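All chains are identified by letter, namely A, B, C, D and E, in their written order; residue positions are counted from 1 within each chain.
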């Protein structure tokens, strides 16, 4: 429906445009779409995420997977970026994830502390930084304060800023939950209002309506919902997240609907590496087929 | 009743006077009154505010509306200002709203975190900055601390400071509520005591008297109340807010009473853009008719 | 009883001595005593304090009153100082009140946030700064931290520091209350231990004994109590506060006892301006009569 | 038992050694022992501590007492140091106490905020600074953070750091209480681990055993306990505090046991000045007799 | 199983590599393994830890023990490092422990405040710094914030960073407890994701399964568990902690399993010095026998 915004329409400074051009037009399908491999689950969930495929515990295996799979970038926390990106530096864009947390304590006042700076990303040759913003958390004051510093540094250093816009916290649980259409739509808008260059969202669930505002209690299809989310993001490019591992056909369908809505790309982790190497490659090939249909001019 | 203060009476530094002159005498009716279009509701309330008129979800549509309607300025958060003001830079004054929050978590300890600096406003060519001060919130310590930095920066950079003086928080709920005469009157005074150049207030409701101090339990007309609020603001110029969408005649009446009381102008958002384009223009025309009667010398 | 300390005995730096000399010997009665007009009640209590005399809502009226009444200084918050002191700059010493708060939320953890800097006071030509210290508040850590910065800046810039030493908070309520002899005596001492040049106290009530330490449960006259308070303040000059409006004879009596105890002066607001202009002048004349009896050498 | 550490064994920087030499070998008995007069009780407890001897309310009286009594130093907060030390500057070493609090609010989360800097101590010609560390308080994070800054400044400026190591807070109350052997022993060790040059402790009570770890439930004499405490302090010199006023013989006995254990000296306030002048002098003479027996080389 | 990473594989900056080389190849067995003596228990637990062997209370005794036992380094807090390392400076690598706390208040929101800087470590000639990270604590926001500064300083100054990765806090108590396989495995991974050069872990207990995620409820041997932990640490070198004193054979067995799993070394304190001198030496000899079997190239 909506057309994907091209880089020329986003009012970007030179450094941000140069780096996003590298990601979108010099890697992956080189057609303006993007497929990212996130690898911070060992931090966010712990090593249990690697029990399904023990190889996935090794960061080197994952970076290689991203290269072989023709991804547009890999997402790492500072520790793994410093220890494992050197081997492949320059071969694959690096997105340095700047904040993160364990899932051990309660999420009721969720906040994701910053572990690295935009200057670290520059030092490591990264092409973008990632920041998790917990939209709706009671700790939003602290979250916004640290986000503001990241945004200002990214602006100053010409570094594209990808915001993981995640509804979270006690209040959102009583208003539809974290992947309701209401919550995801609001989160996409917040990222745009606060200056994200790219926003990562979960796929919205229009049927989760318990406690949501009236406007979201009508009947919406999945396509209606993702269309609205992309519209709410306006000139912020949208990446749709894979989330926990699910059936391949369902995932590919989500991908298609997202791209049809005007998303710029996909960011799939566990769905990719929680299986053996060759299955991973086969699944990635199906995602690339979808993306190939959405060529956009640089 | 009271006379609107002219720019010469406010003890303004040169930069503030220059920018306010631009807003009040070189845009809109160019007669010293002001009509502002605020557009941060996608952040403060979420995209649900755009369901009444889907076009309003698009910031470009809104900026155009402000231009066509002859507004004195548009109010945007940093993200939309960076992405959408470039197209119209200089054609319309920009008020960069520096703080804001979602309405997802509880408002009992309301605080509106800062997302951008006065220096960002300078960089973007804005003519004023906006700050929401939650008067009476239990979080007033933090609020005042961040407000102080904004005020000092605005003073240093000659940037007019518009304070959204909003009574809010658990205590005010037991003392008349956030739009009682008592609460609005106090809020206007606080903005003036703390150095706002312009204060945005809600229209006061003199009948909301439950829990207010004795002095506010007498019988007051709406006109009495708004007169008092403007007096409490003394040399701080007053903008009266439209609030949620209501009947046109009632809104125009509020506008008249406000200007009669000595307010400098109006700041109406949802009442303007929660309807289709031509209806918006017709309503704006009625507001301009009111403002046209209150010419004041520069 | 005690003799008022003279400026030469206080161990003051040059700048502080110069400014206090201006206040005590070049304004008011020019005899080393002081009468101050505080005007921050619109912030601390809200505009309701002006309902008794509507003129008092206008800061210009108040500054004029201070001039006509021969006060030694007027106390204003930053906003009113910037907007109204210019008209009379130099004619009357300005005390810039640096912190303050509304009385809307609970006082159980009272803290008065800082709104302006000592440097602001210098910029505006003020001759002293004021700081409210809530002695005994559970928030004393934060209070002392911000007080420390003010004290250090005042020391560096040669600016006299007047401390509003106000017992406040949940604990003091169970130990005699905020104007008990115990609480006021302790507060005066704290101001002295922490480097105040001048301390403003409420008049102590020796009969409020519920919950106070044993030492304060004996029988003390008012004069005993205020004598002790001035002694506890040692080389910190004492100003006694008028508080809420009360009968004129009672107020003048308080003033006499305070000066007899060795206080340097009075700081009366609502008792002065919550009546019409001529009554205000008559009451001020009575206070000046008291002060005239306590001439002290420079 | 243990030998008092000499200055040469403490690994001190030049400035610290110079200042401690001045205190220990150029004042008092000039034999390497120390007797300090603390005078911050007007802040920590309020003026009630002066009701036993009204003269003690006057800081000038106290400084004179310290001079006449041949003390090695007087301990003052910033306000009294600025107002009263000038008269006697250089005649008697000054210990600037950097933090302190009132005893009005609850001590359950005890924290002693900082009121002056090490640089203030340098400016005033002080020979040491004092810091109260509330060992075991639930607010230990904040306490350690502000302590760290003081320690670093003291190291940078060559200023000896005396730590008031006081077990305090809700948890310690259930583990033997603030003057149990367990608590005092732990506190002495913490001061040593965290870099105190000198530690001030209360005399330990080995019979307070309710809730203490097993190791402290054996039978210990007072001498055993103070021996252990001095050993735990290792190369941090120990001062034993007098505490609230008690019988003279008991106090002198404590002093003897402390010095026998290897303490460097005593710090007695209320036991000294809560009596009339001549009695004070007689009591001080008895303490000096004890100290005279523990000559140590510089 | 896993091979120990060599220094050349870790992507280390020059300064870090130089200092780790000194520790691993120029002290101890000089074969790339490590045996550290930690001595901060007087702070973390109090002097009670020294009751089993009174000599151990004296830091000088401990430093000598480390030298005689051929340890690769001794771990001290700032106070003891400043007072006792001078005597042996250069003879034995120093690990300056940068944070720590008492065990007096509750651990439910565990946080270990920072007491010294990486710059202090440089000043004292240390070859590494230590930081305790309480993985899973509800205070993780504060913990990560202070950790981040330490990591950045260590990176800037080329100082190896050893992270004590300790699961702790109310939530972990309900998820297997602090030494469950789940908790230790997660902690090792977090240290690696956040840029530790070396991680110190407790030996994991695979039978503690109450409340752990499903993946950890299968049957695992001790060897399985420690293998997994070392794998989760990937290119972060692993040190296994001795913990409270236990039987010698059991301890030596732990050591063997750890080294077989690919750990780089051991860090044993109480098991070493809570016995008399000669017994200590005999036990250390057994540990060295184990380490001698795991020679690795520099």
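In the analysis below, a contact is a pair of C-beta atoms (placed from the backbone, for glycine too) under 8 Å apart; a residue touches a chain by one contact, two chains touch by 3 or more.
The structure displayed is predicted, hence computed values, not measured ones.
Chains making contact with chain A as well as with chain D: E. Where chain D touches chain E, under half of the residue numbers in use are shared by the two copies, so each contributes mostly different positions. With each centre defined as the average position of its C-alpha atoms, the distance from chain C to chain E rounds to 57 Å. Computed centre separation for the pair chain A/chain E is 36 angstrom, with centres defined by C-alpha atoms. Residue numbers of chain A whose C-beta contacts span two or more other chains: none are found. Chain contacts here close into one cycle, and each chain has exactly two touching partners. Across the complex, chain E meets chain A through its residues 10-11, 135-138, 140-141, 144-145, 147-148, 151-152, 167, 169-172, 175, 182, 185-186, 189-196, 213-216, 228, 231-232, 234-236.
Residue ranges of chain A in contact with chain E, taken from their complex: 40, 42-43, 46-48, 51, 57-59, 77-80, 82-84, 86, 100-102, 104-106, 111, 113-117, 142.
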